[in-house]
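In the two assemblies presented below, subunit A is common to both, partnered first by subunit B and then by subunit C.
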Partner chain A sequence: MQILKLIAQRVALGIMLLFAVSVLIFAGTEILPGDVAASILGQSATPQALENLRRELGLNEPAITRYFTWLGGVLTGDLGTALSNRMDIATSIWPRLKNTLFLAFWAAVVSVPLALILGMLAVRYRNGWIDKTISGFALASTSLPEFFIGYVLIFFFAVKLNWFPSFSTVHDAMPFLDRMKAIALPATALTLVVLAHMMRMTRAAILNVMQSAYIETAELKGLSQLDIIRRHAFPNAIAPIVNVIMLNLAFLVVGVVVIEVIFVYPGMGQYLVDHVTKRDVPVVQAVGLIFAAVYITLNMIADIAAIVSNPRLRHPR
Partner chain B sequence: MATPTPSNSDNLLEIRNLKIEATSYPPGEPPRDITIVHGVSLSLKRGRVLGLIGESGAGKSTIGLSSMAYGRGGVRITGGEVLLNGRDILKSGRGGIRKIRGREVCYVAQSAAAAFNPAHKLMDQVVEAALQHGVVNRAEAEGRAKALFQKLSLPDPENIGNRYPHQVSGGQLQRVMTAMALCSEPDLIVFDEPTTALDVTTQIDVLAAIKDAIRDTGVAALYITHDLAVVAQIADEIMVLRHGELVEWGETQQIINEPKQDYTRDLVAVHQIDHSEKTATSAPLLSVKNVTAAYAGGVVQVLKNVSVDIHPGQTLAVVGESGSGKSTLARAITGLLPPMEGSIEFEGRTLAKRLSDRKREDLRELQMIYQMADVAMNPRQTVADIIGRPLEFYFGMRGKERDARVAELLDKIEMGKGFADRYPAELSGGQKQRVCIARALAAKPKLIICDEVTSALDPLVANGILRLLLDLQAEEDVAYLFITHDLATVKSIADSIAVMYRGEVVRYGPKSKVLTPPFDDYTDLLLSSVPQMEVGWLEKAISGRRMASAGN
Partner chain C sequence: MFDLKTLTVSAWIGLFFTSIFLFAAIFAPWIAPYGKAQIVGGVWEPMSAQFWLGTDNLGRDLLSRMIYGARTTVFIAAAATALSFSLGAILGFTAAVVGGWFDTLLSRFVDLLMSIPTLIFGLVVLSVLPSTILTLILVMGFLDSTRVYRLSRAVAADINVMDFVEAAKLRGEGTRWIIFREILPNALSPLVSELGLRFIYAVLFLSALSFLGLGVQPPEADWGGMVKENKEGIVFGIPAALIPAAAIAALAISVNLVADWVLNRTSSLKGGRG
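Here is the complex of A and B:
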């Protein structure tokens, strides 16, 4: 089957990309100036102590050997040990990754359907005041920087109204509802940031399809505008929309650094920022690789969705 | 509100004094309102078929769609009444109009391939209107649809509904669309050029299927077409329109046999150009020898061992239905699709297979004209730029010299100097095609490949283009490779003819020989499928057919 071959190609391509990215990440951190041993021991360290630490950390091995040692570890679930606090990276990342995914998931659950519905409404009332209001609001929320939106939300909903906490501290034992309450503000901020892009793309993709002759056929069957958009235009506009949705979902996972810092949310972003300042190379590599994997996987899903949504490929002659 | 006028209860549809306007946006000028339909009135009794006929821009589709209170592409119904089943649907509001569309009036579009949603199964689309209006439940609707598929002689009526639009052929799709229109058992169906996009061999089957379906269901119909011979087979009455006004309206017999108006007489008259055949020379200009060509790296063979000759100053017509390989032959000759086997000789020398390997002189001597004149021209260049480009490219002409030659060429295509500064968007279809002809002539070619150059034009305009091509051939001694599916134009222009079928030349020779019996089966099918301006031709043709069309 042609379609399975196409999908297999995309998956293989994704895996190859991931390996390429791992090389890039490793090379990138190699090129960075400075030395981990020196930054751990500080300026006053003796050459002998530096040498000892380097040997202990395996920094004297050739780069290619270290790359394959690292890659082998990654493939077996061992992300190495953090240099700064000597903790196992995999065990410290896991709860943070869960937190980031939890926040991203709920932001996506709100923003994706909302963007699609608003996009379809904008098409239904195109060029009227509803369309202009939706587009204006969405564009305004995107043009504002995310930290600004975050602080505005904190000011009104945490400080003035006192509805939600301004610190989104979560821990494992927290009941679900408390957890939801804690992430309400960061999730809202993220939704506002990603909404416009998806909504505008939905609107543009559907409007493009609305020119087709089969839309006229539907209109001449006596269907209402919303039914036409929902049943006849939307299914043919899926491919470009899914692409933009996946880009934004990826942003929800990897682009949350600022929001996590503002709301003091214990996710990947904060973890990354903490360790970048400590020059903790293994952590930066691990987080970079996870972020790259998220991006590549989501884009691969978008490609596959575009293939599957094409009836010509799904049902060959 | 105007007082409701009592209507004749026999009439299903009554259009009174219909006025339709649109806003046009001419380049470089402020938008202005133009009237497309100037107060046309018509009436249609239950179960009758009225043919609306006229050239493009006559307003026939616009009038047809007004029976569904629909204006295509920003067109506005600004005056008059449209009474359907005794009430004015223009006054029934959005919701009221939606209840009529797909229930009382259904629509069959020109291109079914574009009018079906590629994302849904045929059955879902066929029953959609019936379900939308609550006429029947899903099971009954599907039963109806299958019965209609059967009636329209579609293959495998039980299961064809499970297919997607891209999985069935154009002719079948057009019949499925007719089934879709009939499924909610409407009182009226608007057929908008339903067979125009089909091959002649397929058109005849679809036409017969539509005619039977209309007769058996007793539905009334507005049948819109520019082809009088087609409408003569189906309509009870014919209305001739021109520039949005009524020219003549009468029974089909009367319009075909005793037209009263000059314009109708012009339409009915057969526009045959008497073209006497030239005899072949001993040295052909272009010689295609045993050419085999394929797409997808040799997998899909589209030309199989094709050999034809074109003689200097003469015309070879290549005829066949879509998919027969006629345009591929042109692509092979021009080097766009390098042949796998065989050779192409031009003036005694062998041409390089690939376009990129050919010399500029070879390119100059072999020019092309396309079916769609408007997409073959850069919309942002003036006519002078378009015609002047080959003059600069091949002859290095500049400035006054170029302008003089452009004026000369404009004169040759019977267009004045005033057109030099116009843009393609300001020209009519026929004028655009003339500019394309001038552009091809500018290179002083020895051979012009004409790919369906008159197919998109109205019959009278097409006739003018054919005459022009013949005059130019006499003046410039240029040879034509004339690709067409229309046998009438072949008779008017060809010296020799090649009939193609599934990538092979099945009949080839001088025009007089090819068009004289005995015919092979395919040529017979092709010739017998051309609609004749004669009531009752369809039935005769169907019963006399010897071979089924490949399109089905």
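Here is the complex of A and C:
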């Protein structure tokens, strides 16, 4: 039961963190010396328009009252209405959230096994050319901006070879295969963004274990290198690997913002960027909070996975 | 410490390209063939002897815009890195030396800030702030200082318990002396290698913001913004947007190569980065 208690503690911490983050996001839009209404409408605004917007945003109330009104709404599923088009935010977000999760899901399905296999290969042939290529690739991909990867993919696979559409438009009535074809390029770009880091950490985690005495025993038993890695080293390296995977999934959810803009994919990232440009504060707060919540949840799951898979963490001294 | 004879091949490559970019950034008005907003030809002309990299979406010379763009990109990224280092290092050292509630409060606040993805929080803040270069530098520098804070606090906490710091405290030196005269010189080498990585991160962050249309505003040229300006050309097979994107990648990789070398040098001197 020790383990349940630890998990419960971690979940409670996560929830506390979420509340703190909601305060921070709310406060982040309040840091202006003037007020939000003036910065939304710009300098040419009439006093009447300013007054109307202030009333609508409730700016005449103190910040604390507004925060709790907002938080109460969020907790009951009411995210407010967008300033730019008067639409209910929650109903506009829902289909976009599904699109984003769909994209992130398939990117994860491809990148996680690929990273594990490549990481193991790098350990098997360590210091050989496979390992060197993988390290070089990893260095390059931490330095490449997402839009470089994205536009190179579009340029070659959509424009030159014409294999995939260059804009990933999806809609609800789309058949599954068409939808997969539409997200092929953005999912590839996302995979490339997170692959290198996962791969390198997998390699490092397994190499760390490879120095243990039981690996030497396995070698002396005459097992093949690949069997040793698969049967003995990998299970013992699982805790750090799971941790890295979850962290990268969290990263994937953020990387989605830029990728969606590149491929004009109708997801949350595109929605957020559009409304930051329009200075539509209620939408930005809502979407920012959702992104932060997903990020925090994935980090929490990473910690819980580490607790479950590593007996040493279950008995903290 | 930084003996040129120990330079590896990759460090040479990195240094070479980094200096080219720096040269372009500093001497932009003298080496650019045309003005940065001067319309000199047709829209998206291909590479030619007259326009080495072709022209952009409004018929401006791409090479000249790239050179001016180097200036904007490098300047903003460098200023943001400088801010994040001064802020992060001073607060980190102070937290490690002073300890107590100051340390706890600041560290928990940094944890909180780091639990939100930087890009997302940056977007939230930029939705209400005016889009000026100063705002960009302040936001980027402030958000990135959290990472510098963590590193410098950890390094300073190690140094803080050493004998010479103890001696200085017993001598009756003030907090400021301890931070700047005892800890700072000894914490410098791990911080220097971190500097390169933070600079790359700033370049990438700035480019992403500009690409999303929330960073440097036209007619100013910066590389991320240039990708945005020329991205419509991609579907017609015009690679103009790939050039600034590749330049960002090249700058990031070359600074990375140099930082790697500095890291290896300093860690072999100190026997691990502690």
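What to note about this one:
To be clear about the criterion, the second predicted complex is superposed on the first by the 285 of 317 C-alpha atoms of A that agree within 3 Å, B and C clash if a C-alpha of one lies under 4 Å from a C-alpha of the other, contacts with A are read in each partner's own complex, and residues count from 1 in each chain.
Just so we're on the same page, a residue touches a chain if its C-beta (ideal position, glycine included) is under 8 Å from a C-beta of that chain, and two chains touch if they have at least 3 such contacts.
Keep in mind it's a predicted model, so treat the numbers as computed, not measured.
Partners subunit B and subunit C, once the complexes are superposed on subunit A, both fit on it without clashing.
In the superposed model, A:58 makes contact with neither subunit B nor subunit C. Contacts of A:140 after superposition: subunit C is touched, whereas subunit B is not reached. Of the two partner chains placed by superposition, A:72 touches none, neither subunit B nor subunit C. Of the two partners, subunit B and subunit C, it is C that touches more residues of subunit A.
By the document's definition of touching, of the two partners only subunit B reaches A:232; subunit C does not. In the superposition on chain A, contact of A:224 is made with subunit B only, not with subunit C. In the superposed pair of complexes, A:216 makes contact with subunit B only, with no contact to subunit C.
Shortest separation of subunit B and subunit C in the overlay equals 8 Å (C-alpha atoms, whole Å). Touching of subunit A by both subunit B and subunit C, each in its own complex, is seen for no residue at all. Contact residues of subunit B toward subunit A in the complex are 68, 70, 72, 97-103, 106-107, 109, 111, 114-120, 125, 128-129, 132-133, 163-164, 166-167. In the complex of the two chains, the subunit A residues touching subunit B come out as 212-214, 216-224, 227, 231-232, 235-236, 309, 311-312, 315, 317. Across the complex, subunit A is touched by residues 112-113, 115-117, 119-121, 123-130, 200, 204, 207-208, 211-214, 224, 227, 231, 234-237, 239, 241-242, 245-246, 248-249, 252-253, 256 of subunit C. Those residues of subunit A that touch subunit C in the shared complex are 17, 20-21, 24-25, 28-32, 36, 39-40, 139-140, 142-148, 151-152, 154-155, 158-160, 166-167, 250, 253-254, 257-258, 261-262, 272-273, 275-277, 279-281, 284-285, 288, 291-292, 295-296, 299.
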